[in-house]
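Presented below are the structures under discussion, each in the form of structure tokens.
Presented sequentially are two complexes of chain A, the first with chain B as partner and the second with chain C.
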Partner chain A sequence: MKTEEKNSIDLFNLLYKYGTIFVILATILFFSIFLDNFMKFSNIINIFRSVSIVGLISLAITMSLTVDGLDLSAAAIAGFAAVIAAKFMVIWELGTVPAIIVPILVGVIVGGVNAFFIIKMNISDLLATLSMMFLLTGISVTFQSGTAIYNYMPLPNNQGMAPGVLTDAYLFLGKGTIFRIPVPVIIMLIVALFVFVFLNHTKYGRFFYMIGSNQEAAKLSGIPVKKYKTIAYMMSGFIAAVAGLVLGARMGSGEVSAGDPYLMDSVAAAFIGFSVFGIGRPNALGTILGALLMGTLLNGLVMMNFPYYSQDIVKGIVLILALSLTYYKKKN
Partner chain B sequence: MKKLASKSLVLLLVISFLMGASLMVMAQEVPEAIAGKDLKMALVKEWGTGTHMMMHINGSKAEAEKYGIDLSVIDANNDLLEMTNGIENAISNEMDAILISHGKADALYASVEKALKAGIPVIVFDNDFDVPREIHQGKLVSIDQYDLMMGLISQMSLVEEMDGEANVVYNRVANVPPTDKRHRIWEGAILPTYTGIEVVATIDQGTDNPMGDAQTALETILTTSDEGEIDAVYAVWDEYAKGFYNAIVDSGKEIPLYSVDISNQDLAMMQDHPEIWRSSAAVNPAIVGEVQIRLALKALAGEDIPRYYSLDPVLVHVDDLPSKEEKRVTMDDLSDIYDGWGSSNAFVEDWMHTLEESVK
Partner chain C sequence: MLEMKNITKEFPGVRALDGVNFNVGDSEIHALVGANGAGKSTLMKVLAGVYNTFDGEILIDGRKIDISNPKQAKKEGIVIVYQEVDTALIPSLSVAENIMMDYMINDQQNTFMDWKYIKKRAKEEVEALDLDINVNKNVGELSLSEKQMVLIGRAVFLKAKYLILDEPTAPLSLEESKKLFEIVNKLQNQGMSIIFISHRLDEVFKICEKVSVLRNGQFIGSYDLKEMTIDKVVEKMLGRKLENSFPKIDCEVNGTIFEASNLSGKNGIDSVNLKVRAGEIVGLAGLVGAGKTELSKLLFGESKVTAGKIKLHDQEIYNNNTYQAVTNGLALVPEERHTEGVLVNESIETNLTLVNLDHYCRNSFMSRRKIKEASLKVIDNVGIKTPSEKQLVNNLSGGNQQKVSIGKWLLADYEVYIFDEPTKGIDVGSKAEIYKLIGEIVSNGKGVIYASSEFEEILGLTDRVYVMYDGKIVKELKTSETDEEELLFYSTGGGSSED
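What follows is the complex of A and B.
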């Protein structure tokens, strides 16, 4: 009787810790049996590339999650950054460097504004960043009166052709490769490594997690909660803007509200990340694995000619499974 | 006798002249029902972003302005509930006519029926409502860009350039009326007729993020297919075509792409890689807006309007365009290349010119 109970707990713990990994491996195994070219090196690279945008935005969201927040504006910041970059190069001909620096600065500032409304105005994280999401999406539509910004576009009121182009250096961020590895993948991995080291191996990371698990306790132990929350949102804005630059370079244009569709997948990836290795809290490695799980599913299902709605069904089931693992454990 | 004959002839001439003149005057006069009225119309759109939809909005606005109509544009931002709100508001604000673009028939049916019951003409673009004639009283029009024809000429462009033999990556967007129509031609006409055309993969990623998802999906298929396995790519919608184009260009392969719909952005891409994006069947979306306004005017004037109307599409082929070094082409330039692109005389009435003059 006793041993049996112990065994079942062990099995549960095992499932809890490695359940998500198990799901990922099972997915890979399934596809590699049924699809000839699934395990080709080029396809593995392709999966990484396909999740680079979701990966980066979910890392941005992860930063906000560590301080018990939730940055819903991250995807909109990404879309906004892509439009600003395109406007700088195509319409204003200001060159690559400002087209990269300014969107990133804007991302950081937007993060700061988010934090201001959350901390000073006492609006909940969800609502403050939701409002910011609408605001940014709206502004990015008005930016070029509803149309995308792209090379050789005609200007309104018969003012001829747009003078500038998206520079090769900028496009390299989305289309380039280094030793056969696509640049978006490299950027995602660098940012992931940075977030990982920051959260797990610096005292700031520890403070972030302390704020996230118990804000009152953190405050009582002398951690400047407001300051670190602000920093967390600014970092979220920073990473989201980087995601936007990669997105714009990959598409080769500044598309209107291009970031928005990545929001839900990114939130899902960040939450799947909780369950990886049974960590039970936001973390960089889990987030990237969460993004990769969804990218792998999409990749295989596309190869199998599944239409999008069936992909969504599978995605939903996987998310429910991963979240059940996390929250069932927490409850007990 | 001769005198009488000549007299009667003169009389006949005079009468016919008078009749003719009065007919001309009658034709030019603005119909009583709308003469001197301040007309208000609402254009309710499922989404209003992207070049295509911007051109549709601008076309409707310009035509409305011509006739002094106050047109308010409601962009529902892909929210069907917002669309129903837009229609309901138009009814309660006593708008004279409601123009709709896209949307889902089931979600909007009740509101559209309500508008028609209130006697408000409803001119729909790319959607259809199965309202019985007793209710709509001939005041409901469903306009499309002749999607069946666009499907046919774009798909035939692929068949012709491939000599009827090709492995094709096909794209469909299910449950959207215009793309469904284009797909019916492919499934029912092209594939059974040209048996050398084989579909190696079908991409359907819905309408949320067409360009980004299309790019990712085709990248997957291009990476995992064997060298030379894919001969052509077909996009049922140009938002997909843009993503496919990016995927093909980035892969370094030279696979021809055929599609439906066109925008300035599409034209820039076509000119950049004429060997890839070969052709696209399209209707000038500005004309759709213009025709919607004119049909609404005719309905308000009490004239007969058709229940269905399809505009004439054009196959924009990259071989017809100048090279990019010569000239960067925009949608406006297409009227110099293709007859019937720039304007349509459909449903233009003489009295509309009078109305136009009177509001100047």
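What follows is the complex of A and C.
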């Protein structure tokens, strides 16, 4: 009875540790055999660019996951940040610097408010941030007077054209390239590196994990749990706002619902990240690989003329497989 | 020398500790014993700084110290390892980080982690304890005894002078306990004092020098174990002489009512043959990990049967899930009382009427009155000590929780009752009451399967014994013709063919 079981467990462990990596490599291999253009530099850049927003928002969600939370408002924060930036520049003509700093501040504050409801009011993470998502969308739509904000937009009540424009410096965040590499990709990689170093090489990152893994033990060992949970949500808000700025710059407009499509993909990427290398906890590298896996799959499928409206089927399957690996392991 | 003087601790309505004086000498292994609810845990929690208020004083080497939080206790070199090791560990982080946790939180000045140092120091602790654990492994992947070792490693790193082990051997196998005792002895030789809480008195006599006894929150005395016997210690714990704790069960054993033949299961149970007769208590003896729990669960439909048959009253029955097992007339009192036996956040009456709620309904609506009546009857019958049937089970002592876990099966007729370690972590007094209950069940013509790794219980209670080893039944014995030595022989793999 023993030997047979052992073999199957070893096989599972192997799958658990390297399953996700294997799937990523197999996906790349498959597409590069069947698609001539797949491995071209331009296409690879394309994949990276397409995942940069998802990557950033999923990094924000990763921060909340480390403390055993879940920030569902991240995509709405991103959308709101883009709207604030656009309104500052297009309507109020306040220039690039405040248009970048204020949305980020707002992101951090929203994160703090999330934490307040979760910690002080004792609302579950999921529900508190879900409510925040609704609230932000509402505030944002009101703030943008109901329509998207873009260059030379007509103002209501026949007041003529919008006075300002999205500045070139701002648009560079979304559309620029440095050494042929798109700026959004560079920003994503910088944020990922920051999150990676923070979580793995600073003591505060380890405190986050301690809180997320066993809050009671963390508390009894002297970690100010509430403080660090609040910081985690603020960091989530910060990164989500950065994602929003990149998003707004790439689209050349400000619209809160622009962030919506990225939410589920980002949650999925962060959870796929759990299973990469069998780490079993949220982590920066896994999250980015999770985002890349989905980006690669979708890119390849689109090139193979897979109907775009069926893409969610693929995303769903990938997510459920990755979750199965993580939770089946936990169960055993 | 650690002195606790005149310690009194009150909770609303209860005086948990009443003027307790407790002293521990240097490099001494000191047992702390007492029935459940005697105040052992409360006393140790006072010492570990869990409570911020209590009366009395604590002195180390004659110096009065102030302990009102865990941090202060640690600073004074007092570290506690709770029985539930998972409460103190971070499963998703490495062994190294778990050992060095306090350093990381309280002493590490740099923002950036010094991984080299953390791993090196943790490795030193692990090696000093002669453990074979990779410090890079996640704690979530460790076995229970390894987790315990990680916590002991943490205590050593903290330079603990007084280490409190709260029922450390309860979940361990014999082999693992032996290893723990070796380490405890080693720590003693290095000058550490160990306070050892245990219900297993044979262990206490094996490794401790002194024993202190608590009863009902009062300090009974400290004794040199060389001058004591197990009976005398039990007498101190109970405050009366110990009568034979196993009741004399006089009841007629009739024909076979329950039979498993060549039963194998997905959970590792291999070709088991077993019979239970009406009015008979059948023991399943075996060490921790021998497969007693697995067999109990397999019989009860909690794991998949891969081969073999189960018969009840000569008719084949199929237990594909626990619901079918209950409908077929089987009852299981599981090993994990807290997580499997009772709903801790529900009232006693909810727990008791849980398994056949249909009886207490009128047209699918629950009848409060019927539930209350039935519950009061069981509370009285099994002797659950509680002010009200509405009391949450969580507020009961371990022994009373177990009575609830058993009591819920007494409200309807079942044919075969399976008990899996029903007296684990329960005090001597409650144990005797549970034995009595089991006696009543068989005298009603039911069959009982009693799984236990305490051979004394098996010998005192059962009529027949099956000895388990590695998922198999390796021997069937008549209880009256066997002894502890023989049980141990077979349950450690002696006498089995070549395996």
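Throughout what follows, the second predicted complex is superposed on the first by the 323 of 332 C-alpha atoms of A that agree within 3 Å, B and C clash if a C-alpha of one lies under 4 Å from a C-alpha of the other, contacts with A are read in each partner's own complex, and residues count from 1 in each chain.
Quick note on the criterion: a contact is a pair of C-beta atoms (placed from the backbone, for glycine too) under 8 Å apart; a residue touches a chain by one contact, two chains touch by 3 or more.
Source: prediction; values computed, not measured.
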When the two structures are laid over each other on chain A, do chain B and chain C clash or fit? fit
Mind working out whether A:202 is in touch with chain B, chain C, both or neither, as first, second, both or neither? second
Please name the chain, chain B or chain C, that touches the greater number of residues in chain A. B
Looking at the overlay, does A:214 come into contact with chain B only (first), chain C only (second), both, or neither? second
Please work out whether A:42 is in contact with chain B alone, chain C alone, both, or neither, and reply first, second, both or neither. first
How many degrees, to the nearest 10, separate the directions from chain A's C-alpha centre towards those of chain B and chain C? 130
Smallest separation in Å between any Cα of chain B and any Cα of chain C in the superposed model? 33
Following superposition on chain A, which residues of chain A contact chain B and also contact chain C? none
Sort out for me which residues of chain B touch chain A in the complex. 48-51, 53-54, 57, 174, 201-206, 208-209, 211-213, 215-217, 219-221, 223-226, 246, 250, 264-265, 268, 271-272, 324, 328, 330, 332
Where on chain A does chain C make contact in their complex? 1, 5, 200-204, 206-207, 209-210, 212-214, 216-218, 220-223, 280-281, 330
Residue ranges of chain A touching chain B (in the complex, touch as defined): 35, 37-38, 40, 42-43, 45-46, 49-50, 53, 141, 145-148, 150-154, 161, 175, 247, 250-253, 255-258, 261-262, 298-299, 302-303, 305, 307-309
Mind listing the chain C positions that touch chain A in their complex? 70-71, 86-93, 97, 101-102, 104-106, 108, 110-113, 115, 138, 140, 268, 270, 471
